[in-house]
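Read through the structure below, which is laid out as structure tokens, and then see the notes.
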Amino acid sequence: MIHCSSIGKTALLIAMADGSETEAYVSRAREKGFDVVTGKVGSMDVQKIIAAVETAAKREGLTDDSYRSQHALYHAILDALQGLGRGPLQLGNILRTVGLRFAIVRGPRTLEDMDDLWIAVSMYGMIGAPIKGHEHEVCGLGINHL
Amino acid sequence: MIHCSSIGKTALLIAMADGSETEAYVSRAREKGFDVVTGKVGSMDVQKIIAAVETAAKREGLTDDSYRSQHALYHAILDALQGLGRGPLQLGNILRTVGLRFAIVRGPRTLEDMDDLWIAVSMYGMIGAPIKGHEHEVCGLGINHL
Amino acid sequence: MIHCSSIGKTALLIAMADGSETEAYVSRAREKGFDVVTGKVGSMDVQKIIAAVETAAKREGLTDDSYRSQHALYHAILDALQGLGRGPLQLGNILRTVGLRFAIVRGPRTLEDMDDLWIAVSMYGMIGAPIKGHEHEVCGLGINHL
Amino acid sequence: MIHCSSIGKTALLIAMADGSETEAYVSRAREKGFDVVTGKVGSMDVQKIIAAVETAAKREGLTDDSYRSQHALYHAILDALQGLGRGPLQLGNILRTVGLRFAIVRGPRTLEDMDDLWIAVSMYGMIGAPIKGHEHEVCGLGINHL
Amino acid sequence: MIHCSSIGKTALLIAMADGSETEAYVSRAREKGFDVVTGKVGSMDVQKIIAAVETAAKREGLTDDSYRSQHALYHAILDALQGLGRGPLQLGNILRTVGLRFAIVRGPRTLEDMDDLWIAVSMYGMIGAPIKGHEHEVCGLGINHL
Amino acid sequence: MIHCSSIGKTALLIAMADGSETEAYVSRAREKGFDVVTGKVGSMDVQKIIAAVETAAKREGLTDDSYRSQHALYHAILDALQGLGRGPLQLGNILRTVGLRFAIVRGPRTLEDMDDLWIAVSMYGMIGAPIKGHEHEVCGLGINHL
């Protein structure tokens, strides 16, 4: 396993892990004190990706009902989407689609500095034309203070 | 080690690997047939990051002297920088700085489809204010056909 | 009342004024020679906001049927929307919605320089998730020559 | 005829040519060794413009079924669309529409350097409000290595 | 005085107030429980504007030494700059300059909901060519959770 | 000669014309009633391109000393630059350079509708790395009401 004591790398490794690896990376992260949620989403609609991440975070209690925590998560998602979109935050309306695994991690920025609470959203998957096999990998990471 | 048979994940894992891990990930990637270059760069100037990646690629022969391969690499770099910048492709002129490890990987998109040659540029590191410790992680990935 | 002899501040103050204040600010602006229209719009569709402002301007005669004046207004609206969107000019498709008061003001840039005719579009209101109370204020101002 | 030995100018002149001129410019380009496709599209949906160009290219054999050539074309199209959109890559959702002639040209960058194969996408037409006559000209050019 | 119980309007009115009005608006805001800092800056360098706002906030104690509060302020500043730049976050390198008054306000989003702490950055002034009088008004507002 | 009765195509053809062709296209445009200025500029600094176009326009009287006409020209230039930059309005700071011919044309949008006065800015040339021959064509067109 790649050494990891920071919130962003933790989120990226979980989103990139495959099958049974995922559970191992999630467990390690939780042992270190990070709260973790993972999920999958495929869509041509950016808002469905945002909604999938927000719903997963709320369901697992990484965000509460406060607007404050929702605001933090929303902007971490938008930042992650910039890595995906690489310019326009658009999918179907510029004729492309994505299939993603994502991870949301809540905790300190690093284990060396436990004072503050931050949230990281990572996305990893495939982006491409709506034609089977016409796609390449894509990755995004957004980090915000909670 | 996270299972990996694709060019983008290969590039990301190498950029995220620490110290001795790096060599292990680079070796595995080369055994699988990928060409790999890694490097480090810290700067407030976007052009210095571009130049560092281009120079590393040329020095190790991942790009040749043709404009064609330089063009492919340049746009892969710009795409990776979008994940870093998350909006504006600016660093010092919006008062932020980065410290990065990067990887450039040349090969097929995946080991399951060896027909074509692609290039991936990954960047992983810290972005923040020019104040020690005022920074968080950042990640970018760009992929282009060669 | 905040001192005001310029087209942009006039537009902003009217859009920010509440209830009965609005009429006072509109009256003062008209006495100074500015043409003024105000309106409200709430939507997840950017085009509905543009249409609401364009319709209000046309109805009150701030723009005529010429493409020229429509072109001036359209780009003032887009500029105001940039302050709202702060990056992407998107609402519902990145899962956010706005409720706005807007003002359109036609006149000189300032009362000290009456030579030219300009148009200002201001927008003030709330932006947020489509959840009651999950929103914060937002403001935009666009100015163009007529 | 404007002197022309390069892929981009070739594409632009064909998209700007009117009626019978088009055939003359296409013929000259083909005599010089360029592959050429032309078409027309009008829409408020960006994805319909992308699809129209991709379909024309595929129908005439300028791209094959490989993802590689589709990827090259797609990004040339996006680049051309930036000249059209001049900021946001949006049409109907910011209340504007376009009517375009486009050309796709495959060949060397210039006749003086025949080594590589590139693809150029040009678009020329009118952009404006969805009101007859409320429009002005617009132009875009995107070039990518094949 | 325009009725005001919210953090964003408070910040906007202070930045738009002139001379002796400023003190009146600042006093009212402080009486309501908002922390307020104001300042002026003129520059062709975006980073100087960011630095001026950050320095003012730190000097008056609106942000502490924690990265967390600096991160919140930084992104509120970037959001306000989007309203100024209306597209590119650039000034001198696209040959324009600004002269601004700004306000930083810390407090609840509104006096009706005192639970959370937010930060608002407003900017109001003139943008234009580096030629006397060739300028028009500009405004930006950014709001973030603290 | 390509048939041309519109301001944008007129500007584009002049910027694309080579050597002696330029004079022919300029003459034809003037005979039709358009005011025309042409020029050349090469730079890694966006502001130098803007300044070159503005200076040429002023020297030949296409704009007067009014801010109004400067404002119209400035935004036409920015629009043309979007076609060049295709995303970021940056050159040297993302390690690229341009060599351009440009044209500024003042007149009606088309000869069929002589009512209004508009301004068009076209740019055509090469963009690329600061390495000889590592470049491809680029084109931009911006149109604004005067």
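Brief remarks follow.
For clarity, chains are labelled A, B, C, D, E and F in written order, and residue numbers in each chain start from 1.
The rule is simple: a contact is a pair of C-beta atoms (placed from the backbone, for glycine too) under 8 Å apart; a residue touches a chain by one contact, two chains touch by 3 or more.
In UniProt terms, the chains line up like this: A, B, C, D, E, F = Hut operon positive regulatory protein.
Predicted, not measured: the structure shown is a model, and the values here were computed from it.
Contacts with subunit D and subunit F are shared by B, C.
With centres defined by CA atoms alone, the chain at the far end from subunit B is C. Two copies of one sequence, subunit E and subunit F, touch each other mainly through non-matching residues, since under half of the numbers at the interface are common to both.
Comparing chain pairs C-D and A-E, the larger number of C-beta contacts belongs to C-D. Compared with subunit F, the chain whose C-alpha mean position is the greatest distance off is A. Centroid to centroid, with C-alpha atoms defining each point, subunit A and subunit F lie 44 Å apart. A straight line joining the Cα centres of subunit B and subunit F is 36 Å long. Among the residues of subunit F, those in touch with two or more other chains are 67, 71, 78, 87-88, 90, 93, 109, 133, 136. Taken chain by chain, the contacts fit none of the simple shapes, being neither an open path, a ring, a star, nor a full set of pairwise contacts. Listed by chain label, the pairs that touch are A-B, A-C, A-D, A-E, B-D, B-E, B-F, C-D, C-E, C-F, D-F, E-F. Residues of subunit A touching subunit D in their complex: 87-88, 90, 92-96, 128-129, 131, 133-136.
If you check the complex, the residues on subunit F that touch subunit D are 1-3, 6-9, 12-13, 16-19, 21, 25, 78-79, 82-83, 85-87, 109, 113, 118, 120, 122, 124, 133, 136-143. Across the complex, subunit F meets subunit C through its residues 66-68, 71-72, 75, 109, 115-116, 144-145.
Against subunit B, the residues of subunit E that register as touching in their complex are 45-47, 50-51, 54, 67, 70-71, 74, 78, 81, 88-90, 93.
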